[in-house]
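Should a chain be cited, it is by its letter among A, B, C, D, E, F, G and H, assigned in written order, with residues numbered from 1 in that chain.
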Amino acid sequence: VSGPADAAPDAGLPFATLDLDRARRQGAPEVVFGEGKSPEQCVAIAERLAAARHGVLLTRTSDAARAALRARFPEARVHDVARTAWLAPAAPRPVVSGHACVVTAGTSDLPVADECLETLAFLGVPAERVADVGVAGVHRVLARADQLRSARAVVVVAGMDGALPSVVGGLVAGPVIAVPTSVGYGAAFGGLAPLLTMLNSCAAGVTVVNIDNGFGAAMAVWRLFSAAGREELVPK
Amino acid sequence: VSGPADAAPDAGLPFATLDLDRARRQGAPEVVFGEGKSPEQCVAIAERLAAARHGVLLTRTSDAARAALRARFPEARVHDVARTAWLAPAAPRPVVSGHACVVTAGTSDLPVADECLETLAFLGVPAERVADVGVAGVHRVLARADQLRSARAVVVVAGMDGALPSVVGGLVAGPVIAVPTSVGYGAAFGGLAPLLTMLNSCAAGVTVVNIDNGFGAAMAVWRLFSAAGREELVPK
Amino acid sequence: VSGPADAAPDAGLPFATLDLDRARRQGAPEVVFGEGKSPEQCVAIAERLAAARHGVLLTRTSDAARAALRARFPEARVHDVARTAWLAPAAPRPVVSGHACVVTAGTSDLPVADECLETLAFLGVPAERVADVGVAGVHRVLARADQLRSARAVVVVAGMDGALPSVVGGLVAGPVIAVPTSVGYGAAFGGLAPLLTMLNSCAAGVTVVNIDNGFGAAMAVWRLFSAAGREELVPK
Amino acid sequence: VSGPADAAPDAGLPFATLDLDRARRQGAPEVVFGEGKSPEQCVAIAERLAAARHGVLLTRTSDAARAALRARFPEARVHDVARTAWLAPAAPRPVVSGHACVVTAGTSDLPVADECLETLAFLGVPAERVADVGVAGVHRVLARADQLRSARAVVVVAGMDGALPSVVGGLVAGPVIAVPTSVGYGAAFGGLAPLLTMLNSCAAGVTVVNIDNGFGAAMAVWRLFSAAGREELVPK
Amino acid sequence: VSGPADAAPDAGLPFATLDLDRARRQGAPEVVFGEGKSPEQCVAIAERLAAARHGVLLTRTSDAARAALRARFPEARVHDVARTAWLAPAAPRPVVSGHACVVTAGTSDLPVADECLETLAFLGVPAERVADVGVAGVHRVLARADQLRSARAVVVVAGMDGALPSVVGGLVAGPVIAVPTSVGYGAAFGGLAPLLTMLNSCAAGVTVVNIDNGFGAAMAVWRLFSAAGREELVPK
Amino acid sequence: VSGPADAAPDAGLPFATLDLDRARRQGAPEVVFGEGKSPEQCVAIAERLAAARHGVLLTRTSDAARAALRARFPEARVHDVARTAWLAPAAPRPVVSGHACVVTAGTSDLPVADECLETLAFLGVPAERVADVGVAGVHRVLARADQLRSARAVVVVAGMDGALPSVVGGLVAGPVIAVPTSVGYGAAFGGLAPLLTMLNSCAAGVTVVNIDNGFGAAMAVWRLFSAAGREELVPK
Amino acid sequence: VSGPADAAPDAGLPFATLDLDRARRQGAPEVVFGEGKSPEQCVAIAERLAAARHGVLLTRTSDAARAALRARFPEARVHDVARTAWLAPAAPRPVVSGHACVVTAGTSDLPVADECLETLAFLGVPAERVADVGVAGVHRVLARADQLRSARAVVVVAGMDGALPSVVGGLVAGPVIAVPTSVGYGAAFGGLAPLLTMLNSCAAGVTVVNIDNGFGAAMAVWRLFSAAGREELVPK
Amino acid sequence: VSGPADAAPDAGLPFATLDLDRARRQGAPEVVFGEGKSPEQCVAIAERLAAARHGVLLTRTSDAARAALRARFPEARVHDVARTAWLAPAAPRPVVSGHACVVTAGTSDLPVADECLETLAFLGVPAERVADVGVAGVHRVLARADQLRSARAVVVVAGMDGALPSVVGGLVAGPVIAVPTSVGYGAAFGGLAPLLTMLNSCAAGVTVVNIDNGFGAAMAVWRLFSAAGREELVPK
């Protein structure tokens, strides 16, 4: 540029701004949005954070990036459906009491649910998966009602009509976080239909995150678990 | 106008085009959309059709119009929630076997359901009403499953999340006609949210009519009943 | 995942949840949405269902998946325009009286119409096709009016202006199910234009399914035929 | 304002900018959009233009404004449904060969059609009206086909599904100008549905104006008639 | 209606379906959406629930309804800005540890915040209000950071640009529930702008409820508090 | 299909329905929408129509289709920017008096303008092209005002802000047909922005066709020219 | 509320949060959005600020509020079309070199332009108004080109097609701020049409504010003037 | 075409209309929108303008076009992230006092920021870049407040929630130009979400350009700098 340059955010990684201090400040290790990043960039970021003994989660990675991360970090946990890869931090994570439950309406919603589950695993939050219990066969979710009620938070992932969170919200008294997905076609309009359904849920107190945002739902769960025992998780 | 006038549609009723021949052609008596019509206009239309011994249904009438119709036609059936008024045709209506069921998610959906029920009554189609069985308390609709299955067609009326038709569509094997309503606020966008939900229903074979169109759903039921025994209902 | 796993839906098919009991419960054999499934997955699903002597319909299959299904199941009915493949169930299907009619506005709407027709064939519902009778040459559909009236249900498939269902709805007294298609460009907005047209049809009682949802229209027809003689089709 | 004022557009009429020279320049007398103008303002504008022996058309006038214009100008043509009032120019208008035809789908579309017809009358273009020939009873418009073909231009006014211009466009070879109206409810979205229908008309060469813009359609007709004999109509 | 009637939901209150058993089932007393209900209806509902010693919250009440409730129940808590009225249940509510914080961007957002606060008060959840700390003067919210961090959950209410939840989400580690409001004009599109802003928040884990839904945000907080000590709150 | 087949529309061309009688009925030869058609299909259609001595226009053809048409019909007029190919009919076209003018705002609008010009050429309507006279340099279109005024109809093609038709509509008294294009990005929303601009043109009487619909604009011109001398163009 | 109250923003004015320090911090006196505020509230706010010798501007005031302000503050400048009222600060405003120009496309855009002009007057920025120079008569704006070029910034206010900023942007080299208005009907969609037009302006470097936001445009001008001589205007 | 051809815009460059006189008229050298142009076309345009000793900026170029330009013009400044290439004009550019500052919310917004910075460099406007200071970590932008205040104009580039301009607008008193980007997914709707956020900014006087329009923001800055010292920059 023609004027004074901005301070280089990180001399070794010109394509990313890492914040090695965030874990201390916010209580969560680093997360990198992998979309549009090359395999080389993903590996370089992971190397730098691993060297600092921080954990790192990469989301929305390409197939090539995951292959490169697998080769370089055999200890990494890599998930092809969730499109995630992560390295645990060197320091032990605080023990969390209770667990979350991630529910999907259909099998096509699994990639979003798995992104949520992998993020929870990275954050050290135990979680169960309940798949393919959409409301067109409502006996399926009713059969799981006790399992859902035993969780401290329920994430409900659904595309198309997005009706499942309303049913789940009526079955459980605890927090319900709804994730619309872009599964569907035509008047689903890329996830707009289930998004609107969930925002208008007739079950009071259901909250919503962005379309396909399994990562965000996991972070919302983490905020919730964190709130219950925040003192040890978030040093001031 | 400066050119030749159009043929006067009806000398006595310059504000409406009545089609006294429709019942013969299509098998259904006259229906008049009452929105924007004065009490005097509504009475005049009803008088003319009554004189011809045709039945007539007026939908979306104003309070004043219904009062005027009640005063002029004590024998008329007038429904204030449905905003309808109707006179039965002089000729007996064909006997229909079976009945329809009209279900609502909430009490706010009742005006649309009642417009549907009154239209069915006018058409001679027996019908039951099942109110306030929205999916946030899914046990309510499950408790009515046998009642729903006993109907030849089920109309499901829902605003807000519009999720009920998906559950009903999974409970019954017969026709399910979904009616989105403008009940709700904010991201319900005047009924857009339940409309999209219903178009994307995960229960296969659910069909949809326009927002708040209880009349249209009744006509769809009538088409269906008519199809089963069309020979006596629709003279060629 | 870090918590307890969900019950494996089907040990042999980790990528799909089959419901071998559905035919008994709902009276219709299994349907698999093929979009995003590999040829190997499609063949594996079909093999499993064929082994159980269930029929199966695969919709929205890729060219490669259809080739693989053709090679493995020479007896399968595979349709390249409809993008469907199906195997009939071992048990004879109940005999249905009457037939449906599937009408298209233009030749570009044929893939959606053919998906509808193939689904009807799989379900054992007789059907006729009337192609390319859009309203810009309205004499074409008028010439077919008697043919349309002879059907127990008419499915109307149209993109662009989506005007055909309104004309057909005025010609026939029985059920009319409208299917908007994504045929068109510019202000057709991927099928939004004909969808809105159909929802606002001036022919009362026309119902609508999702954009390009030929399968859904067929299921709506099946619900309707089923309703007329449900006792033998849907065992409780 | 704190800076230099703009040149007063018209000392006597601070609320409007009249262009007494436009008739010479563009060949059409003055038109005033009456929405939001008081009866006093409407009368003042008309007085000024009448004094200059110009004609004037006021559209979208309030009831009060039309009453005031009627009282002040007994010779004015005032139309309550069209919401227009006009005074003919003192100079004779050029003779136009041929005539236009304005067609409506339903009786609710008449106010827009009448705004179109009154504008045409003001401009000296002969016109016929054909009302209530919507496509749900397609025989109605077919019965008028010869009448439509005899016009030099056809304006088609329709709300709800907006399907009529596609049928008319297939019946006549001359210009077809489609006017969507805000007639309808729910998914008509204030005229968006018929607007999109008309823009996607399968009848090639149909053109469209804004929702409820009967005035604009008349001006499009006037441009067309003007083009055929422009030399005498538009002095340079 | 012409068929068998639905079971009368409540003989004494034909206009509402009360569920006197809900508090036992779901752990929360009855809430009534007051929009469209007459003062007489509101009083009748409150009388019936008070007789059963249940608490009741009425939201979105009219001015007249609140006046009637004040007159009949001097002990009721009535809030004119929040448009709420409530009676505490006879049984003592469980003691909740911790408190919530409700933050607004501007003074125009206060009615929505107050609906949230009144609902929390009704539910027995302690709460603080922090008003008028929008991001255009970001020092205001920064000055409140410690106060926000001390809460177990933060509700952020904002219209127009809806930017405040992103800033708050970066300041606190616990749950953040964002409520878009319809405050604004033009391209705010009735709350669509802040809704989209919040769904796309760059602060991970922020969740969102419907536009103007202060009640829903309070219920989400209640779910969260309930989850932390559910055993005593929700008897099975 | 399982029911009776539809009458084969054309035994030799199962993929298209040709209407060899249309030229006689509507006065215009056949036009084929080439999108999605293979080179072999395009050639086969052209061969059949050429054999019948009809002309044919193919629009929106692929590069391969145009190459195949060029090879098979050296006499065809093929235009790579317009993506058209056409063969003139054997019979001489009627002589048209006057000409049209096709104007573009920018060079990126040329493909749409050229589709319009090629269609006009095929129809035998003389036309001029005025390119790159967008309103950001308004002197460019002013310099062409006399040229525009000399045309019997002006087609204005513009993307992005779509402002040019308003300026042209103020310069000429004859018909102005506006064509929005999908040129632009971001808030152009695929042509929605110029489409809305044109529908709201402050120049009265401008009409609009679909986004990128150069063909439709040409057909609108043809309708207009046809109207002026219809008797010889359109045999009844 | 049930928890600790927020600090009362201003003991004497519970309905508003005044910031008497803002003028010092940001260099501009207080502005109050008057929509929804009672005459008494408006007067109370003005009294308080006048007592502190601050200036105050109230925008979007009701007729009653302006009457009350006129009665209480005879020295106030009150503008009925702009719906504004203001009191100048006691301290002299800094002298600004140069002036702004506010241009409108039509007379219906004047209220928005006047809100802009009154705000500029309040801020001490000299300004000129150029009214009714929309592009359908493009000679009007061309005749003012030198006047526009003499301004340091040009604000262009336009509804309907919103085309004027593109023409102005091509005529002047300095800053052009475009304000879409809600003037129009149908496909203007409350100002969406001109908003999109302006965002897609083919004149590079035109910037846009919210629909009907004359105040915001004035503030943008003030930022610009402030930037040129910031040191004296904005004390740190 | 069948009518008279348009005047060839430039005999040597049939695919582009160059305006070698614009620098004199408007004070800025030529800019070419590179999207859709081949490497050969880009080189040819640059050669022609270089021969005339004009500078030229090409935006949105393909990788291949930039490679070709690098090879042909080793002195060109080519930027792969910004996708720009430019040659300085032969004549020295006027000296500008002060500088601009371009701020981004995230690293994904850098391509748009860099397009802005390269355009500013081409125009001779000094500029600084401040990257990755989004509001979820609001301390980052606060730490840069003095740097932002030292600029004569600030461009703020942000996708997703688009909240940064509101914070910056509250920190600086000078001009703030907001650029929404298409960074994000789901309910970001291709940049619609940050666009609406910015149009509704609670910081008064922030102006907005089209989505991803870094070039337009630079031109707005150039207009602003030009206005301050226009006399030497824009010869009449």
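Just so we're on the same page, a contact is a pair of C-beta atoms (placed from the backbone, for glycine too) under 8 Å apart; a residue touches a chain by one contact, two chains touch by 3 or more.
Remember, it's a predicted structure, so these values are computed and weren't measured experimentally.
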Same-interface partner of A-B, chosen from the options E-G, B-C or C-D, over half of the pairs matching: C-D
Farthest-lying chain, centroid of Cα atoms versus that of chain F: E
Cα-centroid distance, chain C relative to chain E, in whole angstrom: 44
Separation of mean Cα positions, chain H and chain B [Å, integer]: 57
Approximate Å spacing (C-alpha centroids) for the pair chain A, chain H: 36
In chain C, residues with contacts to at least two other chains: 137, 186-188, 192, 195, 199-200, 204, 210-211
Interchain contacts (touch definition) - all pairs: A-B, A-C, A-E, A-H, B-C, B-D, B-E, C-D, C-F, D-F, D-G, E-G, E-H, F-G, F-H, G-H
Interfacial residue positions of chain D with respect to chain F in the complex: 26-28, 31, 152-153, 173-177, 195, 199-200, 204-211, 215-216, 218-224, 226-228, 230, 233-234
Complex contact set, residues of chain A against chain C: 99-100, 107-108, 114, 117-118, 120-121, 124-132, 137, 185-188
Complex contact set, residues of chain F against chain G: 105-106, 134-138, 142, 160-163, 166-167, 169-171, 184, 186-189, 192-194, 196-204
Touching residues on chain E, where the partner in the complex is chain B: 1-6, 9, 15-17, 19, 33, 36, 180, 182, 190-192, 195, 210-213
